[in-house]
Amino acid sequence: MALPTPLHGVIPPVCTPLGPRGEVDTDSLTRLVGHLLDGGVHGLFALGSTSEVAYLTDDQRATALETVVKAAGGRVPVLAGAIDTTTPRVLDHARTAADLGADALVSTAPFYTRTHPREIADHFRRLRSTVGLPLFAYDIPMAVHTALPPSLVAELAADGTLAGLKDSSGDEGGLRRLLVRLGGRTGRRTGPAPGFSVLTGSELTVDAALLAGADGVVPGLGNVDPAGYVRLYDAALAGDWERAAAEQERLVALFAITDAGPESEMGRSSSALGSFKAALHLLGVLARGTTAFPQRPLSEESVREVGRRLTAAGLPPVR
Amino acid sequence: MALPTPLHGVIPPVCTPLGPRGEVDTDSLTRLVGHLLDGGVHGLFALGSTSEVAYLTDDQRATALETVVKAAGGRVPVLAGAIDTTTPRVLDHARTAADLGADALVSTAPFYTRTHPREIADHFRRLRSTVGLPLFAYDIPMAVHTALPPSLVAELAADGTLAGLKDSSGDEGGLRRLLVRLGGRTGRRTGPAPGFSVLTGSELTVDAALLAGADGVVPGLGNVDPAGYVRLYDAALAGDWERAAAEQERLVALFAITDAGPESEMGRSSSALGSFKAALHLLGVLARGTTAFPQRPLSEESVREVGRRLTAAGLPPVR
Amino acid sequence: MALPTPLHGVIPPVCTPLGPRGEVDTDSLTRLVGHLLDGGVHGLFALGSTSEVAYLTDDQRATALETVVKAAGGRVPVLAGAIDTTTPRVLDHARTAADLGADALVSTAPFYTRTHPREIADHFRRLRSTVGLPLFAYDIPMAVHTALPPSLVAELAADGTLAGLKDSSGDEGGLRRLLVRLGGRTGRRTGPAPGFSVLTGSELTVDAALLAGADGVVPGLGNVDPAGYVRLYDAALAGDWERAAAEQERLVALFAITDAGPESEMGRSSSALGSFKAALHLLGVLARGTTAFPQRPLSEESVREVGRRLTAAGLPPVR
Amino acid sequence: MALPTPLHGVIPPVCTPLGPRGEVDTDSLTRLVGHLLDGGVHGLFALGSTSEVAYLTDDQRATALETVVKAAGGRVPVLAGAIDTTTPRVLDHARTAADLGADALVSTAPFYTRTHPREIADHFRRLRSTVGLPLFAYDIPMAVHTALPPSLVAELAADGTLAGLKDSSGDEGGLRRLLVRLGGRTGRRTGPAPGFSVLTGSELTVDAALLAGADGVVPGLGNVDPAGYVRLYDAALAGDWERAAAEQERLVALFAITDAGPESEMGRSSSALGSFKAALHLLGVLARGTTAFPQRPLSEESVREVGRRLTAAGLPPVR
């Protein structure tokens, strides 16, 4: 399906439920997509960082994407991450994603290598010219250890290489400067890249990003509470910033589930992804909360803590 | 004078004008304080990073603080940075600042050394117990290369060690989590540290910080356009978030003056501080735009660029 | 073939020559292996960072490894990099490498994700228990942004998970501490992990690493001058440290070829890898100096500079 | 006294003993200088990082330097750290050090600020032209978060600004490249900066640095075992690299005292500095092992561990 121009709204990075042997649990994934669509989301982002894309084999990636596309059934667009170290490897993923029915691609700067900004520009241009799908740049320096220079994003927006940006830079000041450069809150549609979509991946400051003119949000926590993020988005769209901020505060409190796993025992990602999946299990959406190897599982006590936070946020566990 | 509880509003980090031989230009500094008070600011922060505190000798620091206190004349509170590598050295600055009439102190975590969070807590507790002034923690990892853990700030807020936080972490998500922990936008006054003041140093996202419940802002760019930040603050206070955001956008555009110095020739700080001072010179507030050694001066072309940006922001140069 | 215990000597990370359309140039690669064996190397490391593994598709990786194994013809052991973001993806590469005849595997800590040391230990243990080949840990924080804690390496050495370490940490002090922990220069064979092999990837300090008790070296520059590194190793083995240091100095001077590409135009990796390949082209080993996309090619002037450095190091170009 | 050209040998960064109220314990400091001179050291470096310079007030710095100069009594040169954020503040310290009889100055790049390499060059040039003492650059990115580019050091060596480099970069490859650039092991005296002195601050790889052509070492651990470092230096000077390496191994094992303080309770600096002082107390040199506030003290168990390590290294405690 054609993407809205610009793409906007709540577009969660869909978790990838796993079975007891680490295989993709397609039943749970289908239920999860249903849970998200019921929550009113405007798109789905498969194979992003929150989907544990870095832990999925090529076969598992294909299964996950296929399942999401099928479950979405054309009701909302499906973006697919094409995440790998450099252009030639990303291209292999991108072609597969196109074949499996993705509506757009999302790619980071190269990683593992040290890549010059001009080489990063070449990377995106090659992806765009080779695969016939709209392309989003995924700025996630925490994972790839390179930040996309705003001037580079603006250049690739203006020349049509990029359909949008998924900003997980954590640099809200830089994001604001980019938005102003693109025309500002009210001037975006007449700016140098009128259909360009800016999506924030910073799930704790969505009200702020929307106030600043972002088009939407890709919230990992949106797997757990898609309706909450949709309410936040709707309040912002209606200009009711007090309501948006109140909803954001509830979600910030809920985000504390990501601290459930103690730092002395597991990586920060394991704790965050484990807590999302534990919550989805407790809410009856996933059959189990298993995360991919070598991430350590949450302890029973940590899962109970997740349950308490869900209840406090008005999302009582069903098991 | 006693600080408002919590301290709130626009509290610019006052630039330190310099004369031809690098000495503190007290006439220009007095004019600058007048410019800020005329703009309606609610407090003044002397000897912060924007004041080039790291470049000022002890004598210069004393002269600058003395001048600011005298020019403020008790109309607004004066916060003083006590910035040095560790507690014993900071204490020397803190005592001097108290003697010179500062109303509160601002101190970072230790730097140059690698300091444990428990040691950082001891640092702030010792400062508070030794010097009889309210104490603000200054979270500025870009300068000190240690971020203050939110749990540490919350602990020192709750036990009364800290009167507030000046957050220049650039981590807006972390700031949001802290604000929610303190009670959220509407619950702050009934939270665990009711009078605790959270001030953002992120001058590009002030509307967002205020929407999130911050009490005020310490904007370097507020030296140049104090009235603009006061308008932004007043709009936020009135709940007119659209107007706040529009004002913020104008200020974001103006902030481009900090790019005036080319990265190939000078440090990022030199360019930013040089542009603030060049602007204040062009606006007739400072006698000259000199920055402290070894910062390189802006070129004439860069100064012209600053002038063009001022004009575009509605602040036409007077020379 | 069975690995020597411990693996020792000069084991270059073999470059992957590319054809005009980016395909693996197997003729040139066969010639390169011949060049290395003629130089007297003791092993070959295929699919390492210097092989541009991060730029090679799965098919290209297979072609490159197959070609190296065939060209080596059992004369020296072939180590194969199994480089990917996390365990499940690394396992796919590891199984392929085993099928293609690799004699040992080399794997980094997970990257893209933030992984806890206990999870990193699980990662190596799973690799070792699943694939029946000796396993080397590849400590390369510059690429994966996690350093392997020495205590972790020592633990995995002692329990037999790891056959060795390829140390590209750049932390020579940490390496020295590890070597002393393993028993020191003379006590290694009676230490807690007698057959454990420590190979340095720091090609500029090989004499120092050997003096400290390292077993060998994996020098990127060894593609260009394998005989030089073998002479260095032999001098060290003979206890002639003055000769070893003199040879090292010649190689340090030659290493300046990696600066040939200007930083303003290309990434540091592109310049280094481009210079190795340009040198091999000038020496008549490779048909062309092409590097993988999106790395920028060296300019003609940069290639001439490489030629001058080769001549100065006693390796005059043949074209 | 005039410095040897180049300055060479073992030049420990002298610890600053403290009394019960945190004051400089001049008696213990005098004994420490005696301990170092008895060990055969070739110079003394006062007010360096290991002296806790970052924790000493200006008065304490003066007392410490005065005491070291007096105790040295002209038998070996005394270098003095002039450590502060930027040039104007460093100049104040430098003038005081000159007045107190220092024979040379040691200064880092500016810190707290973000300073351009050209500005760093100006910084060193201004220091050299203003204060009439030989100047050493102190490359310590761990503390100041800027590494000195080798090209900058080479430029300031060639033009006579710098008398030498104290390299605590931890980048042994970069150090090797610099040494080769200066002329290499045997060609140094005929190179572009014949009297330039390169001193490594990496106490775990001193044999390697001397093999590479460094002139000497500034070992923190040399406070505890000056004679050991002198033996290492003498062995290297005699070309007996096996003996040098064996001595280095003993010192590497002894260095494990720096791990005595648990990471969960204190900063890494606190543990290292605390262990040096605890060892000097156990050896009867210092009256107590007190470190400066806010560093946490070693526990009794940690001190016992230091004692065991001393005994194992052949330096049995006397109390």
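So that you can tell them apart, the chains are marked A, B, C and D in the order they are listed, and the count of residues begins at 1 in each.
Here is the rule we use: contacts are C-beta pairs under 8 Å (C-beta built on N, C-alpha and C of every residue); 3 or more make two chains touch, one makes a residue touch a chain.
Note that the structure is predicted; figures quoted are calculated from it, not measured.
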Subject >> Comparison of B-D and C-D (more C-beta pairs in contact) >> reply: B-D
**OP:** Just give me the whole-number Å value for how far the CA centre of subunit B lies from that of subunit D.
**Re:** 36
Original post:
What are the residue numbers in subunit C that touch two or more other chains?
Top reply: none
Subject >> Those chain pairs that satisfy the touch definition >> reply: A-B, A-C, B-D, C-D
Original post:
Quick one: in the complex, what on subunit B touches subunit A?
Top reply: 170-173, 176-177, 180, 184-185, 202-205, 207-209, 211-213, 239, 241-242, 245-246, 248-249, 252-253, 255-256
Original post:
Hey, which residues of subunit D end up touching subunit B in the complex?
Top reply: 22, 49, 54-58, 60, 83, 85-89, 92, 110-116, 118-120, 122-123, 126, 142-145, 265-270, 292-296
